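When the chains are written out, they are named A, B, C, D, E and F in that same order, and each has its own residue count from 1.
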Amino acid sequence: MLKKRKLVTIVIETSIAHRLEDDLLECGAKGFTSSLAHGAGPRNSRSSDIEGGNVRIETVVSEEVLEAILEKLKTNYFPHYAISCWVSDVEVVRDERY
Amino acid sequence: MLKKRKLVTIVIETSIAHRLEDDLLECGAKGFTSSLAHGAGPRNSRSSDIEGGNVRIETVVSEEVLEAILEKLKTNYFPHYAISCWVSDVEVVRDERY
Amino acid sequence: MLKKRKLVTIVIETSIAHRLEDDLLECGAKGFTSSLAHGAGPRNSRSSDIEGGNVRIETVVSEEVLEAILEKLKTNYFPHYAISCWVSDVEVVRDERY
Amino acid sequence: MDGLQLALTNLTSPPVLAFALGLLATALRSDLRLPDAVYQALSIYLLLGIGIKGGVALGQSSFEELAAPLVGTLILGAVVPVAAFYLLSFFTRLDAVNRGALAAHYGSTSLVTFTAGIVFLEALQMQVEGYVNTLLAVLEIPGIIIGLALASRGINRQMSWGESLREILTGKSIFLLAGGVLLGFLTGTAGYARIEIFFGGLFTGVLTLFLLELGMVAGRRIKDLKEAGIGLFLFGTTFPLMAGALGVLVGQITGMSVGGSAALGILSASASYIAAPAAVRLALPEASPGIYLSASLGITFPFNLVIGIPTMLAISQLLEGFGL
Amino acid sequence: MDGLQLALTNLTSPPVLAFALGLLATALRSDLRLPDAVYQALSIYLLLGIGIKGGVALGQSSFEELAAPLVGTLILGAVVPVAAFYLLSFFTRLDAVNRGALAAHYGSTSLVTFTAGIVFLEALQMQVEGYVNTLLAVLEIPGIIIGLALASRGINRQMSWGESLREILTGKSIFLLAGGVLLGFLTGTAGYARIEIFFGGLFTGVLTLFLLELGMVAGRRIKDLKEAGIGLFLFGTTFPLMAGALGVLVGQITGMSVGGSAALGILSASASYIAAPAAVRLALPEASPGIYLSASLGITFPFNLVIGIPTMLAISQLLEGFGL
Amino acid sequence: MDGLQLALTNLTSPPVLAFALGLLATALRSDLRLPDAVYQALSIYLLLGIGIKGGVALGQSSFEELAAPLVGTLILGAVVPVAAFYLLSFFTRLDAVNRGALAAHYGSTSLVTFTAGIVFLEALQMQVEGYVNTLLAVLEIPGIIIGLALASRGINRQMSWGESLREILTGKSIFLLAGGVLLGFLTGTAGYARIEIFFGGLFTGVLTLFLLELGMVAGRRIKDLKEAGIGLFLFGTTFPLMAGALGVLVGQITGMSVGGSAALGILSASASYIAAPAAVRLALPEASPGIYLSASLGITFPFNLVIGIPTMLAISQLLEGFGL
């Protein structure tokens, strides 16, 4: 009954968050959920404090979309921005939505 | 030492959040954690923007309680409301609390 | 390509959050992400309401650091504070960061 | 001041401009966004503030002064939603559920439209009775309940009125509004003097910020409008004029001033998009927010800002001319 | 103005009414909730603002004027927590840890009670020395530390006083209060004039909003009260009167006015529920928040709002009559 | 008033003291933290507010009055970033990308420095032309774009200017500032009167709270400063004086008053740390925030607060003496 999907959680400095949200949808994600956060990390070089912290973005996606997202992150985000990303397995009820 | 439990994450429009929190406890959840969020989804038909976004609710529960919650969601929430829900496996230390 | 790590999620009353964040780094976590939250739980004895809710702290760590964190929680936090903690499996791309 | 100038005064008030700026932000895909927590806080402030003002005014008004307008407003609160419900079957092909939901919105009032109207009237040095704030609170609730009652005929399931009513009446918008009236009434002018800078002096400024975000919300809904259809569009622009004119009439008949009657007209013309959507969402999930939000926020709100508000004043001046 | 009227003036001030409204919201299970971020911001504003006012007043007062009240307040800050600690073994069967925690709360002060008191005194056109704001900051800290010291006897583990003290003194409440005093002192009246509308003019309004939420918090704690027991209830209602009377006495002896002495009495009568809980939580996790929060927020705060505040004024007027 | 007193007036203004308090909070490892949502809201308020003021002033100024200063400011906006870019190769060994990023920051302006300057000038009863607020908005944007253009030579990838420009110009800081100017211009003094308490009266108070948090942010960056190197430090303290002097000169030449010229000098001396970092981050990710934020927020901002602001006034008075 429950279907398997991937949950991608991304924490990114505020100034880039809006662009990333657009990119996620472009990669095929059908939705996302964002909330404000702050934190510390190994890099810590960013403008985010001044912009008011980080944004924590979650998106539940299929395997294929996951691939596309990770690809995008690797080219356009990881090299430059204060960003953290982790992936986990989740199950959803209404699988046509994700 | 660590015991298995289920983590249910629900994102729901603000106006319904309070009712859902009550329902979770009624289904047997021993607690929940809520925070403000916003997002986009496939349905996007809701009053939540006007109410100030979504609420992201998490609850760690046992298998049985999970069943009860999903049942409740299916009857009372999924058909009507802007809601997203996913389930994952977690481990807890103090299992009597969840 | 993706490497396995542990995601520790901790919900704790606001007044203790800053100390816990320091302790996490001391235990070897290389970073954390915090956001404001509120909730209900089985204990519900705390000063957090008055301080403005809870803080929800996430940290992605290795197995060894996880052990250290759980140890610390068991001695210094669980007995006294309003705190909830769960652990799940995640995968990360840039494993040297976690 | 002629009609065009009137309209211009209205259109260049800071809250109205901020709403337009919000629409622009969405159109340009700006990353501007008022944090959710702050947006919620602003709406708490606005609801509580207007409630308090209403309560203070209530305490200052004599029974004779208030009785007629109050009764008139209650009648208005019953007639408008019923009229909306039946007129909608003329304008659209919506089912009873959605018509009831819309009736709840148009029967209730919009705090923001009302305040923009007051800003407008004050800019013209029009006198407005303080107790119109009280009338706002009074007009807020019956429309919602009548609308839901009308809609309930259209649903199959048994509606649990008891629990629904509790949820609606303790819902944050109505609780704040009613609680504010209570607080204002009990504290009186002496108490209000101590919080006047906060709840009075800042009001228009806070509203400006709030409308900036509301403009963005409305902007994101613009594509829903296309689906709404021409019937809903016609309803959303003609019904406010009818309901508003009725409101002005009630004001004039019950002895209110030109400005006060215009304000009551604006109240009656306005469609709720804070209290009503929340209540309808809770009690009537079958109704489509795409329809009622598009109509109240997407069509009627801007229509009232631009046309409805000055029209209500014109009608009031006209009726006054008739010696009503 | 007789006693009943006094009490009524106090009870109908906007902050007190907002607290009652918050209690009501919980009782009715309203979904109203001030977002956490906003609640935290309001408390930052209140603490910094009162600190700044205290600092400005400090800069305006001459040494002669201030010396006696300052010394008196420091003595008060030492005596009250010790008295609370020992009296508690008379009233209750609590262990040293919990008695110490309570001593920290009652030895410290409540900004909110104090401000409600000032609102009350000002409504009666009573003059209050500006430096009572400074005394608040002075009285805030010693009580907490003495309470913790008393409690530390009851715990087995070694308390690391160095780190604990740093954590407490840099904790946000105390940092804001002390930092505000510094800022106010350095900027003086000229600088304060530029921020007076913000930190002064809005203060009561912001407090009103804050108390709305605090009322809800207190409402959720009401069931804890039952567990608290009759002893704690008696302590929570009689101790404030004793500590308060002592405070008034100190004020009168050190040459403060009727209003100023009443204000110092209110400070002394009040029990902290912002700074003290945070500090106790950090340094004394063994103590039960269910006990100290129930007592300070659930019992003593409303007691002071309703009875404590006017009583302190009455005592001050009485002592003044004795020619003290 | 001699130099020392001038500096003292400046240093003891509430916003400057709050910044210092924020630095202290970080140094003491306080757990104080303005919630992210509130911090964002404050910056929205400040940007929109200053934009509105600029727009209102724009509407009040005659074309003759404004034309020369406006042209002068545009020239300033082009010259300063280019000068910064080339001087940086003298002061440091940074590559073109990082020099371009710095040029964008120093070519743009700091709202906070500017406001602190205005607070300072007003404390000295200096008259300042209202339209300097307009000049701020004008000076904000060209520097950023020129800086990015200069940097783009240093990067390998193809820069997509179209999309980048859209992202920058609709980015929240610039949108709010420009949108505020529009709103203020359209609403005029009559409309502004209705929101003056909110956007005007509270401004310095809100800025004080904002700087408290900004001080903490700056404090957390202090260790980055060590890595910055002596060259950047020299640039960050001498360039503002040069750019500032140029700004004062432009002011005096274009017929502005002593105070107005000093204000334009302060604008020109200031380095952006709200709009520019966001824009640079989006369009020029290769540049290191550790460098440009350290320079603008860590070095130049405090330098200007303490030395730059009074120096600009001194230069303006000097030039005025020359009869310019």
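Here, contacts are C-beta pairs under 8 Å (C-beta built on N, C-alpha and C of every residue); 3 or more make two chains touch, one makes a residue touch a chain.
Predicted, not measured: the structure shown is a model, and the values here were computed from it.
A.B. asks: Among the chains, which one keeps its Cα centre farthest from the Cα centre of chain D?
C.D. replies: Comparing chain centres, C lies farthest from chain D.
A.B. asks: Mind checking the rotation angle between the two copies, chain E and chain F? C-alpha superposition, nearest 5 degrees is fine.
C.D. replies: 120
A.B. asks: Using each chain's Cα centroid, which is most distant from the centroid of chain B?
C.D. replies: F
A.B. asks: Taking each chain's centre as its mean C-alpha position, how far apart are chain B and chain F in Å?
C.D. replies: So the centre of chain B lies 45 Å away from the centre of chain F.
A.B. asks: Using Cα averages as centroids, what's the distance between chain C and chain E in whole Å?
C.D. replies: 33
A.B. asks: When the centre of a chain is set as the mean of its C-alpha atoms, what distance in Å lies between chain B and chain C?
C.D. replies: 20
A.B. asks: Residues of chain E that touch two or more other chains: which are they?
C.D. replies: 31, 33, 35-38, 40, 171, 197, 201-202
A.B. asks: List, in ascending order, every residue of chain C touching at least 2 other chains.
C.D. replies: Correct list: 19, 35-38, 88-89.
A.B. asks: Would you pull the chain F residues touching chain E in the complex into a rising list?
C.D. replies: Touch residues, chain F against chain E: 12-14, 17-18, 21, 24-25, 28-38, 119, 122-123, 197, 201-202, 204-206, 208-209, 212.
A.B. asks: Within the complex, which stretch of chain A touches chain C?
C.D. replies: Per the stated touch rule, the residues are 9, 11, 35-43, 54, 56, 70, 73-74, 78, 84-89.
A.B. asks: Residues of chain F touching chain D in their complex?
C.D. replies: 35-38, 40-41, 44-45, 48, 52, 166, 170-172, 175-176, 179, 182-183, 186-188, 190-192, 194-195, 197-199, 201-202
A.B. asks: Contact residues on chain C for chain E in the complex?
C.D. replies: It comes out as residues 13-16, 19, 36-38, 45-47, 49-53, 79-81.
A.B. asks: Taking the complex as given, what residues does chain E use to touch chain C?
C.D. replies: Contacts found on chain E: 33, 36-37, 39-40, 43, 167, 171, 214, 217, 220-221, 224, 273-274, 277-278, 280-282, 285-286, 288-290, 293, 297.
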